[in-house]
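Got some structures for you, see below.
Two complexes come next, and they have one chain in common, chain A, joined by chain B in the first and chain C in the second.
And then the complex of A and B:
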């Protein structure tokens, strides 16, 4: 809890290597936070993981923060740890709300990022380019009220309780299975015709 | 007569054993001529859960089977999603603590401690020594009750019923102690920002010490039951293996990570609550299978008892709450007699305690793994973001990797070995 803790020495090395792609950095409550450019984040995270001097081999967490101040950008936050050096680093990407909420997926670097990124997509609507299976995770497949952890999402949800119940009761098979699953074991051909039509329509939309 | 006779073909010539009895040989019914019936070779898609005793909560697994072999597992979560993180943005810091009870509800005191530590670090509050030691006791008791549920339910999934009863009997004794302390058994809401909701009652430490001396005997009995049990060994060894590199790649934590041979424990590597001053070992497995996870958790319980005894030894007298009027309510007696205290109480309860602008990520070693609390404050009394880094969420995400290629019955053992609690996964 030392207020004047030193900055993580990784930050100067990051600046030396990536120059302008590394934005501001700060020491907050003893932890170092560094902002990086969205377009080069994947490259920077790869370097942080693989460089023998850094070796941030353990991905602790991926999450996002949206501030109450609407002018502030949404942040995607990576908590990294080097197990060998027991060092931690917090890497942030600013995503201005005017632009597309998109960053590169890091599932190819850490398999653990798979579900974490799905959760950020589900809760904040940030798309992860290159994610192998970017589906909702806590909410169901065809949840249509938006992304719950966004500040413009009301605490009780967008739909009235009766509308939520109505939708839940009229949910079809496609609410409970992903397209992927329905294709397994030729189950697709055994589905009722209306479900098949809906799935085909959705597949069309996703294309 | 002749057309109704079933012909069986012996696959070997019967011999004689020492007692002069003919030995058994395998028999096969002769095919009544013609081809074998057409066998289904399609893969089968089955649903396990969300309401299923072996999924330890409302976890749903869609499993693609080739005969009895698991080809693919697709876990579905979210059936217990309560939006705690969203709710937290509408609550004062102290009001969030009851929500933490309901995340990993098998180790509520440890979650309370985790959140309080994060909020205190955000606000720059130093807690008292007695509070620190009592919180260590709360954390280690949580570890024991959580591991007891794990051992009991896993044993039941694999077919050993007795272990369940023994473990739950011990858990009940700990719950009695927790009830004496906090008044609640499951949802303890033990901590407050800057302290605790109550001190331990008179005689409590003695009762805890008694329990600590008796409890390891139960662990030894369970070890004797299981570790020389052929079924247990067969069902757990080399099942659901994660190598050290895979465990790190999948961000596993806690006993799951350590069973794979990675000696990372937040209590040792990022110490909090003065854990660096306690004498205890971190058990590490070698094979990363269900069996090693069992060994690691059993040893962790023994180490927790060691920590508990040391904590009881050093438990100092003194206040449990920090002397910080920002967060600590005035005593009830003063509240009823002087106006300033009453105003203080009213403002603190109604308006909450503003935290300075900033953010913290505080990891603690919970029974399930690394529980991280990430708090972001914009200077108001309610956090902008309260993120729980849920250990079970990341551990269960590796289930497909562990289970694919194993038998369906192994999937149940592997799922049990992860030690999940859906309240925390879905939040």
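And then the complex of A and C:
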């Protein structure tokens, strides 16, 4: 290998299988980046996770990038890792700002995408089709100033400081920090078996 | 004096023997007594949100030892606290929370704003951050610094004790709860502007605008 790092061999495999749905690719600081078509991204990501030659079983991060150049599209970024093969791959989707900012959710592939996609929705306003619970995650529920990490968002927010204080104080506290949200009972079926056993045993003891 | 002198240490003092004073009672002003007891057992409610909270922990730990000033019991329950110490920046999302905590604290109560961010928003002149907690809860002592060293916080606490010792139990205005006005604010924008110059990156923008 010379100075520049080699491209991840996943990229030629992707091109062979998905053809035109795979766009350009680049090696940036040793990391391979590949752009894919928004409409087929879910299919491609499924293949990357499940194909025996790829096995990208761990979703490190979902985020988005908006460039200062207004002509450039907004990008949704998936950082994948194969724990078994110790390989990394960055998959990007271009979303032109003229069109709807929508992509398919990957929560069904990696459940860890749940909060990551909520954060991208909160900060950038990208909608994830099929997300089970697409609510704001960092800003509070009735935050009405838009999506703060967009370039057209004013640094200090859209309203005056006093108006921001007024709105923040009028946010219903109990509605946003509800016990339901913290209730482990809702998550019971998804808990690992040993945790379920421990909880059941404790309930037995307390009876 | 013998140790078993039934008259106690006062037995030696002619003035005490004549009955003007006794070791068993003292005269003082009620204000002095109440303020002395209040100032020397301030129970802090630590509202730590950022790096200032680390300095608060250092202040409470053995090297700097907050307990020397009667604050050994850090109450993580507002119901049993006297001083709200906001250590760190306050995002708008936490604004209703700190207000709820303050409302839950019983009178008499005081508030220390610890660090630049709690006092003015600090470097976080952005959409997410409250520009000074005094727009939400009344603040008694501001401790500057980013973050303040434990000595700084202790100095602020000593200032608060000094302030408490000048209070009067007969002044009901000190214990009046500050409530929101019709607009839903605790401090009207004009009052904020009166005490703050244009600041931050902008020379045009005040803390209310």
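To be clear about the criterion, the second predicted complex is superposed on the first by the 169 of 207 C-alpha atoms of A that agree within 3 Å, B and C clash if a C-alpha of one lies under 4 Å from a C-alpha of the other, contacts with A are read in each partner's own complex, and residues count from 1 in each chain.
Just so it is clear, a residue touches a chain if its C-beta (ideal position, glycine included) is under 8 Å from a C-beta of that chain, and two chains touch if they have at least 3 such contacts.
Just so it is clear, the model here is predicted, and its values are computed rather than measured.
Of the two partner chains placed by the overlay, neither chain B nor chain C lies in contact with A:27. Within the superposed three-chain model, A:166 lies in touch with chain C and out of touch with chain B [touch as defined at top]. Applying the stated contact rule after C-alpha superposition, one finds that A:191 touches neither chain B nor chain C. When the two complexes are overlaid on their common chain A, residue A:139 makes contact with chain B and with chain C alike. Measured by the number of chain A residues touched, the leading partner among chain B and chain C is B.
By the touch criterion defined above, A:148 reaches both chain B and chain C. Touch criterion met: A:57 reaches chain B, while chain C stays clear of it.
Residues 138-140, 148, 153, 155, 177 of chain A contact both chain B in one complex and chain C in the other.
On the side of chain A, the complex with chain B involves touching residues 1, 3, 28-29, 31, 33, 57-61, 63, 65-69, 77, 79, 83, 86, 88, 90, 110-116, 119, 123, 136-140, 148-149, 153, 155, 176-178, 180-181, 184-187. Within the complex formed with chain A, the residues of chain C that make contact are 92-93, 95-97, 99-100, 125-128, 130-131, 135-136, 180, 183-186, 188-189, 192, 205-209.
For chain B in complex with chain A, the residues that touch the partner chain are 42-45, 62, 64, 72, 74, 76-78, 81, 83, 85-87, 90, 121-122, 124, 126, 246, 248-252, 262, 264, 269-270, 358-361, 363, 370, 372, 374, 376, 378, 380, 384-385, 387, 389, 393-394, 397-398, 401, 426-427. Per the touch definition, chain A reaches chain C in the complex via residues 138-140, 145, 148, 153-157, 160-162, 164-171, 173, 177.
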